[in-house]
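Each structure below is given as structure tokens.
Consider the two complexes below, in which chain A is the common component and chain B and chain C are the respective partners.
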Partner chain A sequence: MSKPTAGIFGLTGCAGDQLVILNCEDQLLDLVALIDIRDFLMAGSANDTGCDLDIAFVEGAVMSKRDEQALRRVRARARTLVAIGTCAVWGGVAATDESAPRDAWLEEVYGPTGADYDSLPARALHEVVQVDYQITGCPIEKDEFVSAVANLLNGDAPLLPQYAVCVECKFRECGCLLTERGEVCCGPMTVAGCNARCPALRIPCVGCRGPAADANFASATAMFTEGGVSPQDVARKLRTFAPQGVQQ
Partner chain B sequence: MKILKLRKDRLDFFASVVQQFGEVHAPVEVDGGYAFRRLSRWSEARLNYPRTILPPKKYFLPQRETLFRFVPEKGYVPSAEGLDTRIILFGMHACDIYSLNILDMVFGGAYPDPYYQARRKHIVIIGIDCIPDKHCFCRSMRADFVDHGFDLFFYDIGDYYLTMVGTALGDDMVLATGPLFEQPAEADVDEYKRRSSNKRAAFQLEVEIRDLPEIFEMEYQSGIWDELGEKCLSCGSCSMVCPTCYCYDVADSADLGTRDGARMRIWDSCLFSTHALVAGGENFRHSRASRIKFRFYHKQRGFVAEYGRPSCVGCGRCVAACPVKIDIVEVLERLRGVQHAVSH
Partner chain C sequence: MSTTIRIEHLARVEGHGGVTVVVEDGAVSDVRFDVFEGARLVETLVRGRRYEDVSQILSRICAICSVAHALTSIKATERAFGVEVSPQTKALRDLLFRGENIESHALHLFFLALPDYLGYPSAVALAKDYPDAVKIALRLKQLGNTIQEVIGGRAVHPVNAIVGGFGRVPAEEQLISLREALLAGIADCRAAMDLLVTLPAADYCHTDTVFAALDSTGGYGYFHGDEVTIVANGRRTQIPGDAYLGFTNEKAVPHSHAKHSSYNGRPYMVGALARLTAHHDKLDARAHEVMARLGLTLPSRDPMDNNKAQAVELSADLHLALETVDQLLSSGVHDEPPVAFQPRAGTGTAITEAPRGILIHSYRYDDEGKIASADVITPTALNAASVEDHLRCSVRQAGTNETAELTKRLEMIVRAYDPCISCSVHLVRRRDAE
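What follows is the complex of A and B.
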């Protein structure tokens, strides 16, 4: 049986998720032994840009017509398409403010050529094409990526937590920044998988992984405003990484 | 039961002797709270603590554990890792010991759990008494005192600890210290009784649990459940910190590039929508209100029907951990209240 083929792509993003893949030092040799990575621009220039792919991993948000075309091409080539990173899954930081006066900003930044500039409001991949699996994180976690690949190679869906960061925070038995110190910690609304990285370092979670399956934004907003944070600040905080998640 | 006493200033000597029986773990300070950790030196131990962030159930039912590995050529390979480590939990409170006695019924009943049982057999328990704080209601839950489930239990009686010897192993530890323990005198007994009644009077919370399951039955349609459902964040903290919440999820993890893998067990909570989700997409508790209601029903009604008592021990952890201040004592009081607990 020939090796499954794969491609790794970036749309508008910081390339952080692709970098995480390259940083999987301990598993990288195993990964390339198991999958035939045909198209990965960030890692090399000798790419087959037209072949069919068993798995495509796509980072970044769709923020231009060019992104949209690139994504549609990848979708057409790939049997399984996996969104990687918060931008691809939720739109990410670039989607924070959809009401931004895009045309005015384009003109301010690029002058008269701004009007022709290829720039669209940020969209998550699933808003443009059908996405099979989503691995969130800003950036993604190495172990979640590697275990997702292991599952995909066995024909299984990646197994990812749906519950909140608080669960892993309690697993590590950290003191709670929210209940003990009154800090604005987004752990209760944010999906786990990072092993509560920030609260474990005594830094409140800013929600970089996007919402947990059961996030209750209405009650969270009431909780933070009761704690003295203005509703605007709460909304801004909760919308930073995954504004669409907050609307749901 | 053998009852002795130990001079308080000899406790550190006693602790140094019991090291020969296993790894000593005790509450230490963590981020302004307390957690059971392995001690590197005795001076780290904080025996005067209100409650630990996680209950000692983490030693018996770890947050994440491998149940077995599967390797196609070899079949199932059970995991025995850490199952027979001799750990001494030094300084457990009565409610936490009681919670283990409750978990014993769950993991030792119709479906005995070999992992839990192995750890239970190897972990030594040394209890210590405590003063209730604003969240404690263990007395209402009949868990402020334990008559079994420990090897030794220390009661503060001033210059001494009155020491209950619960098991032969506890007795071995006492004997290993030579003449360290003494016979209590009449005055010690009086002091014990005096402090015991002081402790009783120190509880700030009281919940009546008699006929509570029946009241739950009557209040099944109460508006309180919708109200709590709107408020709850489904963060799961209350279940994680609860000494008697024993729900777990089982999942397989595959090793990259092989057919090998491991079957894992991970703490779960009935507050999550995935808890009652079954194949085909059906969810028996889709709404948040039905989930938080289930948590209360399981502890205060379902468990009583099955095991003859609530599974709550009144440790107050869930109250302290809830970001939106959902308070079990308040909920029980409102359910019992004559306004039918309806708020809107």
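What follows is the complex of A and C.
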């Protein structure tokens, strides 16, 4: 049986999810033995840019017409399209509210010619094409990526948590930063999978993985506001990585 | 007669960029290092944000330099608030920066640059014929990541470093394991050097080059220090960090869509080669021996030497990281909380060395400890003018019109700069896709 073919692509972002794949030092040679990576511009210069792909992994947000065209081309080639990273799943840190004065910002950062740039507000992949699976995280977790690949090779859907970071935090028996120290910790609203990385270091969760399925934002906002943080600051904090996923 | 060489999308670099060179009647009439990464406008996204969120947001400018962005951000905030951190925090930050440099250089040298020298499209293809070399390279890269995980809490976008110190200081056992890993890494690096010294020369461009690098304090390093050293025609000039606009004075130039930085009207190069040129005297005899083995003589007139300079730093960083770990172990590492401070209105400018060169974060805070304005200047933006200068020079000196050969040379020169195009997009004007 021939090896499944795969491509790894980046739209606008920090390349962190592609870097996490390259950081799978212990698994990398096994991975390339199991899947035939045909198109991975960041890692190789002899890419087949037109072949059909069994699996395409795409990181980054859609932030330009160029990104949109690239994503549509990948979608047309791929049997299974997997969004990797918070930008691809939720729009990510560069996503802004619809009311953001984007044109004025473009001019401020890039000068008078900024207005002519091919620049669009950040969109998640699923807002542009059909996405089959989503692996969130800023960046993705190595273990989640490797087991998702194993699942896909076996014809299974990747198994990813839906519950909040607090669940993992309690499993690790970390002290609660929110109730014990009164810090603005986004753990209760944020989807798990990081093994409560930040709270375990006594750093409040910043919500970099995007919201959990059953997150209660109204309750969290009320709780933080009661602790003396202004509602605007709470809203901004919760909306840092996934504004579209956070209810007002 | 006019020929256009267009590299649509550079492979084996971080981000989305290309190169266009137009040759008319044997002379180069136009050179462009094109950037078409989307505009994320992160400087505007942090405006109004409280200080504790800023380093987390700005580290997302770039994954490969995420430690540099996060810690430079923290340094700028500490300058603005007048925060003085403990000696232990200083040592740990130094180590964290070295971890990123080890990882980034191992990635660039072996996975992005090396395949060109040996005629392969990628390190995966290379692994078929050089399995041991690729395994060594993977281990060195992993070691850099392990340092970042132990100190920073994560290999990409560190979480543990905050204004005032660290969330949790690594435990003694973790540092003892790190020590073992560094000793193994030093042996691996020696083996890797045996391969690097056998590489064929890539002699494509020779010209006088101006270099700029942080004048690091406390030895050869990437984080501590406030002055920049500029070396031009054998003359050294020191510039205080607060006066950074004096050498990042960007202006639009007619032949290019990139805003360019210059010093006294000349482009300059930042990165490993610039650091060694300005400050190799801070390195010990062992590092100079590595330099001699690799055939690197300073000052260099060849931008491809940046690859050799990265190899020298990779080797030196392993030894220097080991020294820092030993110091921490002998003084006894203690789980201290971050130092207390009061946010206040003020400005702070921080200059550091990301793996690919000078990185500047400069902030103005309001009296609530929220960002009023932020300015971020990245190494790849600083290098843009120099890249174009060296591309122009390589075409002039090539002695060939053959497109395939010229394309290969142009790609290798851009790659030698180890560009990080996600970073550069903040200040390099993007050239939009037609």
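Assume the second predicted complex is superposed on the first by the 244 of 248 C-alpha atoms of A that agree within 3 Å, B and C clash if a C-alpha of one lies under 4 Å from a C-alpha of the other, contacts with A are read in each partner's own complex, and residues count from 1 in each chain.
Everything that follows uses one rule, which is that contacts are C-beta pairs under 8 Å (C-beta built on N, C-alpha and C of every residue); 3 or more make two chains touch, one makes a residue touch a chain.
Computed from a predicted model, the values in this text were never measured in an experiment.
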item: Three-chain arrangement built on chain A, chain B and chain C clash or fit; value: fit
item: Partner chain in contact with A:Arg209 - chain B first, chain C second, else both or neither; value: neither
item: Residue contacts on chain A - larger count, chain B or chain C; value: C
item: Partner chain(s) touched by A:Arg77 [first = chain B, second = chain C, both, neither]; value: neither
item: Which superposed partner A:Leu178 touches (first chain B, second chain C, both, neither); value: first
item: Touched partner set for A:Thr96, first chain B, second chain C, both or neither; value: second
item: Which of chain B and chain C A:Val167 touches, first, second, both or neither; value: first
item: Contacts of A:Ala220 with chain B and chain C, given as first, second, both or neither; value: first
item: Which superposed partner A:Arg123 touches (first chain B, second chain C, both, neither); value: neither
item: Which superposed partner A:Arg38 touches (first chain B, second chain C, both, neither); value: neither
item: Minimum C-alpha spacing, chains overlaid - chain B and chain C, in Å; value: 11
item: Contact residues of chain A, present in both the chain B and the chain C interface; value: 202
item: Partner chain C, residues of chain A touching it in the complex; value: 10-17, 19-20, 22-23, 25-26, 28-29, 32, 37, 40-47, 61, 63-67, 92-94, 96, 102, 105-106, 108-111, 113-114, 116-120, 122, 138-139, 197-198, 200-203, 206, 208, 233, 236-237, 240
item: Touch list for chain A against partner chain B, complex; value: 27, 30-31, 33-34, 146-147, 149-151, 153-154, 156, 159, 162-164, 166-167, 170-171, 173-176, 178-180, 187-189, 202, 212-216, 218-220, 223
item: Residue ranges of chain C touching chain A (in the complex, touch as defined); value: 9, 11-16, 36-45, 48-50, 53, 56-57, 60-64, 66, 107, 111, 115, 121-125, 127, 134-135, 138-139, 141-142, 145, 153-157, 159-160, 162, 166-168, 252, 411, 422, 426, 429-430, 432-433
item: Complex contact set, residues of chain B against chain A; value: 30-33, 35, 52-54, 58, 63-64, 230-237, 240-241, 251-257, 259, 267, 269, 271-274, 288, 320-324
